[in-house]
Every structure is written in C-alpha cells, then in structure tokens.
Amino acid sequence: MPAKLVAQRYGKSAVRVTKVRRLADRHALVEMNVEITLHGDFERSYTHGDNSSVIATDSMKNTVYLLAKDHSLDSPESFALHLAHHFVDTYAQVQAADIQIDQSLWRRIEVEGIPHPTAFESGGAETRYAMASVNGDVARVAGGFNDLLLLKTTDSAFTGFVRDAFTTLPQVTDRILATKVRATWAFANSQADFNSAFSRIRTTILSTFANHKSDAVQQTLFDMGAAALTAEPTITRIDLQMPNKHRVPFNFKPFGLEFNNDIYVTTDEPSGEIVGHLVREER
Amino acid sequence: MPAKLVAQRYGKSAVRVTKVRRLADRHALVEMNVEITLHGDFERSYTHGDNSSVIATDSMKNTVYLLAKDHSLDSPESFALHLAHHFVDTYAQVQAADIQIDQSLWRRIEVEGIPHPTAFESGGAETRYAMASVNGDVARVAGGFNDLLLLKTTDSAFTGFVRDAFTTLPQVTDRILATKVRATWAFANSQADFNSAFSRIRTTILSTFANHKSDAVQQTLFDMGAAALTAEPTITRIDLQMPNKHRVPFNFKPFGLEFNNDIYVTTDEPSGEIVGHLVREER
Amino acid sequence: MPAKLVAQRYGKSAVRVTKVRRLADRHALVEMNVEITLHGDFERSYTHGDNSSVIATDSMKNTVYLLAKDHSLDSPESFALHLAHHFVDTYAQVQAADIQIDQSLWRRIEVEGIPHPTAFESGGAETRYAMASVNGDVARVAGGFNDLLLLKTTDSAFTGFVRDAFTTLPQVTDRILATKVRATWAFANSQADFNSAFSRIRTTILSTFANHKSDAVQQTLFDMGAAALTAEPTITRIDLQMPNKHRVPFNFKPFGLEFNNDIYVTTDEPSGEIVGHLVREER
Amino acid sequence: MPAKLVAQRYGKSAVRVTKVRRLADRHALVEMNVEITLHGDFERSYTHGDNSSVIATDSMKNTVYLLAKDHSLDSPESFALHLAHHFVDTYAQVQAADIQIDQSLWRRIEVEGIPHPTAFESGGAETRYAMASVNGDVARVAGGFNDLLLLKTTDSAFTGFVRDAFTTLPQVTDRILATKVRATWAFANSQADFNSAFSRIRTTILSTFANHKSDAVQQTLFDMGAAALTAEPTITRIDLQMPNKHRVPFNFKPFGLEFNNDIYVTTDEPSGEIVGHLVREER
C-alpha cells in the first residue's frame, strides 16, 4: 500500500486514581487524572498488526495504580517523573514517555475553624497540572495549573488599538477583566521543590493579577509571567494562556438609562485568546 | 385538530448577569444565572399563533438586567422574589411566575493575607441556588446549593444490605464516601435572612458530613438534613440529593498484593442516587 | 432529633449496557443508559442506618446486565417495563420502581450503498427515551426522544407580542427557527408497538416542523404535538419541550451594510423555553 | 524586569456564524465555529501595554461576519483560506494567521422521502474541520473531521502483546472495537476540490473501518489512513487519532453464567489513545 507511517504514538488517558495515606493524626488525600503517551518502536503494530512490542494500554492503567501504591504522590511532578522513567527503563522498545497529570485540589473541611483530619471539600474546577517527559537519558518536567478563573472589577483598560472599517469596539478606560488562566512552567531540573514552586507561583500570579493596572490582557499576562519568573528561581520558562471571558456592558440606551459600570452581560463565547511564553532574560 | 392543550408554560433560561457595586472602600461582585418561567393565559399562542398576550422571552431577558440595576442583589432569594412579583404584578395574563437563580461563588483574592477590594477568584463549581414562586397572592421561596463535592476517607460503612442472586458487593466497614450534594430548603416566609440561613445551613451540612459516622449514605443524608433543620429555624423543609460518587478499591490480587484502604479507582458513573425530603417533626 | 423524613427514594444512574445479538446474516447492536429509582420501605436506612431492606445500588447495576442477557432489548420501553416489574416483583419492600432509559441511535455504515452487517456509526447526539413506572399493580410506560436539533430557515414569524417598556425585540415576519426538541408520549397501555410508535411520531414531528408556517414556537409545538396524537392512536398524551436556540441577525448597520436574512450570530444562551402538554380532545 | 517574551500569539475563538443562501428552489444552510489566531508584531502590547498594533479580537469577530456575507461558504477550507489571507493582507503587523473552522453537519429533513428545501435536522456531534495557515506568501490548508463515532461488533482482535507483571488483559480474538475518530489531512495546494475530498475520504474511512479485519486499533488506523491517501490524490498526508472507547465484557462468573460476546459495560474512561501520521510513500 503506497503509505508510510511518519510518526506514531499511543497511550492511555483518564486513568483516575485516589490515594489515601492513613497517618497517625490525619488522612492525606490525593486524586490524580493521569495520561500516558509512549513513543518508540511500535510501527509493526500499525503496518502489520504485529503487537509483540505493544504494551497494552490496559497494562499502562494497571501500572498507574501499582506504582501509586508505593509512591507518596507528594506532588504530581514527582509521580509523573516516576511513571515516565518506569516506562523508559522497563521496556527497551520505549524511546520516550510523556506523562500528564491533572490533580484535583481537595481541601479539608473546617469544623469550627479547625481543618478536619479525614473530611474534604472540593477545591473547585481548577486543577494542578504536571508534565514529565523522559526521552532516553533526558528528563524534563513542568508544573502548572488549569482553569484558574479570575476577575477584576477595575484597573483594566483597553485603548489605542487599531481602528478601521472592522472596528466597533469602543475604547474603554475601566472595564471588567475576567479570564481562565492556564499556566505551565518548566523546571531547570528534576530536583526542584515542586510544591513550594506551585504555591509561590500561584500566589504571585494571583497578587499580580489583583494589583496590576492593565492596559491590555497581553500586558497583564506578561507581568504575571515576569513576576512568576522572579519569584521562583527553579523555573526557566512560563507559558500563559488567558482567554478574555467578556463581561459586556448591558445596553441601557433603548430604555433611557445609562450604563454606569454596573450591569454586564456575562458571556462565555466568543472569547479572546491571549497566549505568551516568557523566559528569564539573559544579561 | 383532535388535540387539547392541558398544560403549558414558557420562559427564558441562562440569562446571565454580572453586577458590580462600587463602594467607597471596595467593590462588590455578584454573578447570577437566571431562569424565568411564566404560567398564565397563553393558550392562544399555542392554538392560534395569537401572541397578543405573549411577553417575548427577549423582554424577560431585558427585565432581568433592568431590575438588576435597581436591586442590590444582596441575595439570590430576594432577587428571585423581586422578579417573580414583577411578572405577576405587571402582566394581568401572568397567573404565576417561577424564578430560579444559580449564583457563582466568587471570593476575594488574598494578597499577603488581606482580601483584595476589587479582585476575585472563582469559588469553584458549587453554586448557590434560589427559587421563588409567586402564584397570585402566594409567594414561596427556597434557598440551596448545587454541586458541593464532598469526600470523607473514613467513618463510612455499608453493611447488612440485601444479599441475593444479584449481589456481588462485599460488606465494608470502612470505605471512602464521596458525593456531590444538592440541597434546597423552603423558607417559612419571605422575610427570612436568606444569607445567614445559607451560611448556617452550609456550615452545618459540612460539619455534619465531616463528623458523622455513616452506616449508609441515606443515614448521612438524614443527619445532614436534620442538623440543618435544627440549626436554621426559618426553614420548614430541606431536600437533599446525594449521588454516591464511587471510589472503587483497586483489585491488587492479580498482582499478589493487598488492598490496604489505600488505592482506589475514581469513577463518575454509574453512581448511586440517594434522595430524601425532611421536615420539622411535629410534637 | 426533631426531623421527619417525608419522602425518600434511591437508585442507580448511568448504568450503560451494550448488547450484541449475533444473528445469522448480521449483528444487532443496542446501547442503553439506564437509570433506576426505587420507592418503598427504606426509611430505617435513613433514620437508623439499618440497611436490612436496602438493595445495594451495585446490585441494581448487576441486575441491568443480567436481565439484558435474556431480554431482546427490542425496545427501550419493553426493557424498562421488564426492569420495573422485576424490582417490584422481586422485593416485597419495593412499592414502586421507575426506570428511565436513554438509547443511543447507532446506524449501520453503508458500504457502496449497502448497510454493513457488523459495522456502525453514531446516529448523533439525539437519544431515544423510555420511562416505565410500576407501582404495585399499575404499570405506566412512556416513549420519547431527547436532543433532536432542528432548524428551519423560513416560514417562521414572531409578531403581535406585548410591546412595553421592557421590549426591544423587533417584530419579524421571517426568521430562523432553531430548537432542540424533547418529546415524551404516554402509551395507553403496555401492549403498544413501541418501535412503530417511535418511528411514526418522530417522522410526523419532523414533517410537521418542516411544513408548518409558524407564528410562534408555541404554535409549532402545538401543531407538532397534535399531529403526533393524530398519527399514533396508541398514545394518550404528548409533552414537548422546545427551547428557542436563537440565531440573531448580525447588526450590519455600523458597517453601512444591510442584513438580508443572510448572516446570523449562532447562540446557545440565553434561550427561550417553550413547554406544552397535549392530550386527545374528547368529543 | 528580568523576563523576555519568546513567543506570543492571540486571537478569537468560538465565533459562530449561521449563513442562509436563499436560492430559487431551496435554501442552503451553513453553520461554522471559527477560531482566529494571529502571529506578528504585537510584543509591545505585552511588554508596554501599547496596543497601537493590536487588532481587537472584537474586530476579528466582526470580520468573520462581514466576510461571510460576501463569501459563498462553499467549504470551510475555502473560507478559512479567505480569512487567513485577509488578515495577512490587511495588516502589515500580521506575519501569519491560522484559521480553524468546525462546521456543523446539518442535513435536510426528508418529508415523504423528499429532502425539504428549507428545513434541517442536525447531522450529529461529528463536525467537519478545516485549518488554513497563511504565513507571508505561503498558504497551507488542511481538511478533516472530529468526533466521528464508530463501532464494529466483530473482526477485531488484540493478541500477542507484551505480557509481564503489569498485564491482566486477556488476549481476545473477537472483541468490540469502538472509537471516536479525529482525522486531518493536508492538501498539496489550495486549489483542491475540498468538498469532494471530504466526501471521498470520509466514505473511504468508513468502508475501511467496516471491512477491515483488525489485529490492533493501530493497524485499523494505518489501513484507514492508507486507504484515504490512495482514494484522494490531492492530499499529501493524513493524521488520525483513534481513542479506544472500551466496551468491557460483563463478568458473568459470579452469577454462574457465561459471557458469550453478548453483554458489555459501555465506558468512556479510561480510554486508549492511538495516533498515527501517514504520508504517501516515495517510490
């Protein structure tokens, strides 16, 4: 057949694991959603139906649960690295393994102000994210988060943009800025303290978002990324995606009333999509 | 045509409004998703295409934004009542109006421990819920919440259930209990303090869930509802839906290992569905 | 505790079953998503954690697969009835059982115009729906469908509605009408030919929608329901929900151009919600 | 600030347009969901809040509707190319534009076997996909589809895979194969007949899937891609993603019964993820 396979990969997605560590004075709860992608010598499965080098995706699933038993799951980055190394080290035919993890953010229920030792409520739609790639001897690891929904009611302007025959948007010096942030950061090496990096970067991004006087979502993104690089020396790069989830001024004119920066139509689509990748500046 | 209209209603759903109140020292943010349903004399629209009594659903949408401008939106219950009365009072052909509101739970970003006056992060997937029904002179109002995701790692058993030819589930004295609670409570009248009721009931439900020793999800539901009725005298009834979002013990036997209440498969479906309606017991 | 359980029910949702019947010349494929709700003597599970009358929801799940093995699954209505009777007949403590089924609509892949005996493609997001309720000796059964997405580009007007201070919608004599129909119909008894009823009603609803000159979505709904009652003598009632999925004329005025019933903004929310319940008219 | 922007892009997603062409004997309906991404000289918006080169994403949205008015929308590929060229040609600061389009697949309602001229039903969750990238003078265009859900009840085996300490999956010579295909193909140039290519490739993929005797999803993928390359000479490459949507044999052993390739548990997660990229083989 006149076709050639130029690239292939395969794996398992949505392997969801819950781990409880039953400590003396409290339980620790971790829930992760794992995606495994293997690269390697699997061509004959595609071209000849020869599965002799194929690790069944069902076995990948088993591997997640088996390795979770003996691993502390102290961070998604460390477990992602552990899984990636496992696949590359165990199977000669695996050239590289990519592991993505989305971790749900449970927090302890507070009963009369005291965090409960064994009861938890959801931390929301936001997930902590990790990605580890092991390719032969080279390991790369990234952290991040998805779906952090933020909104500021002032200190956001959008003026001075191109005005032409396609433009109807008025210039505004005070608008609502709402966004659902996706952030990923690359660690310089695999020995970083992933958890303190996560806390420090997330806190920095939140406070920068809150205090920033924004002339464009792009500028807010850049300042958030720059602040994260400054705050966390163990990362070399940060990528940010910040869709603009528009709150549109309600048009009061037909009713003889005025919009006073008070009432907005909440929308999900269409949305602006702003993306930037930042590294540390070399001096 | 040999058909008769025995019931009809119509309205508008997913009217999403954002309101910012710009106070001296901070901004207050409210986001609500409003659904309006009208009951009344609209039959001829169905049977004859005669729209002379029809309030366009687009006008209902406008009404939400216009009334939101002059209302404090201090609680979803109060705004739902306001909207319901508006439709019944304004239009002779409207016999009854039902208003449902889902309110997103934004919280202030904390910068160095201090809540920011104008910046917010999402409170998660959970929404606060209100329902007001005005039918002629009678008004009923309910509060509640949706999608409160809870999990406890111990103090949950399930034993003593029916064992027959359809049963494979083992009895367990210590399992994970995870659920996504939907709660609605009926207020005795429209003069209640809806916000303090919401806080008190939510706090009570959380602490009951945390401290309860559960012999069945049903029992946990009942105790949560009973505690809410005790805690909040302004409500007469509470309805709870608590799907059982199973965490299934991973089967370690094929691997020569043991399950030690440590590693679970996280699932969404199928799920148990447990429902109960509680009132105050008459003495 | 001063609380009383006034109503309760429980069950299992999202039990998904695939059945293949391997006939001589072809395979038959059925996929159903089953929800079971039991009503009965389960109070002590709520009030005392006494599960002696509780059929585990896991056993309900098993029951679906076990009963599916011996049942032809020739229609969702017949299987829903079978399941409902099973629970009421098997367990003395079950007063009533409600079974809801959503059936995916697979169709055979056509290869060179010939339906393939063993390969299928999805029939889309629409599902066929059935509901059976058995309460003691009384059985009721309903059929229907969900999420039938329809659109007509003409023969839809909306004029003559209430114009007041809340109205901005212009009257239009020719608009797009798009809707996602949910229909359920009640059968007079359990001996109806459910499959031919489904085909006949669905075909009737489609052709009525297509040919109807609409003065309101309400009128379209009524004519669709009336036509269904006329077409299918075995049903006694039909309920229709028809959200108005608006296609909004794009505003060309700022660009010095005209809207010529050509370009619309496609929206999902907010949406109108139109509901009607029709029965056969007694003469 | 010690940060450097190494890459950036921005745009608008979920711009949804409905177009009706009112022909003499029938109406043509097209609905597209457009995503625009611009690359170019926008750094100062990020680094200085200087928006002088920024085309507002709101203007991009307007552009879609304005250009849709004068374009036939005869194919998503042609409109994607048109939009991409527009942005690169109109704005000096735009180096490159990527346009992605998902087109809903409406089909005409058949009334007594005759396709209706102005009424449509949804073609389901599957969407037709197009991607055009214009970078300076170079234009690339791709077609495809998303979410084509397929299932075959036989002629699918999975044997001979790696068996080790992580393996529990039995070898099976006859299983259900279900998948949700995402396919994209690259055209050799922008003058191809995009619509006939879409029809031919989709038909070829369906018939290959139906008739293929599969020893692995990977092999099915390869044969589908190879057949597409053979069938359609205007494409140079095809990429396929085929998650394995498992139908798991129900375990009848605890009930003293046998699984006879009849009853399966329908699952969505976890799922295998199989990916392959094929080109024409050079001879």
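Labels A, B, C and D are assigned to the chains in the order they are written; within every chain, residues are numbered from 1.
Operating definition for what follows: contacts are C-beta pairs under 8 Å (C-beta built on N, C-alpha and C of every residue); 3 or more make two chains touch, one makes a residue touch a chain.
Model, not experiment: these values are computed from the prediction.
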Turn needed to bring chain B onto chain C - CA fit, degrees, nearest 5: 180
Centre distance in Å when chain A and chain D are each reduced to the mean of their C-alpha atoms: 24
Euclidean distance of C-alpha centroids - chain C vs chain D, Å: 29
Multi-partner residues of chain C (at least 2 other chains): 16, 62, 66, 168, 255
Topology of the chain contact graph, where touching chains are joined (line, ring, star, complete, other): complete
Residue ranges of chain B in contact with chain C within the complex: 1-16, 35, 37, 42, 45-63, 66, 91, 158-162, 164, 166-169, 214-216, 218-219, 221-223, 225-227, 229-230, 237, 243-244, 268-283
Partner chain B, residues of chain D touching it in the complex: 165, 168, 254-255
Partner chain B, residues of chain A touching it in the complex: 16-22, 27, 29, 31, 33, 62, 65-66, 68-69, 106, 109-112, 116, 118-126, 148-155, 176, 206-207, 209-211, 247, 250, 252, 255, 257, 261-267
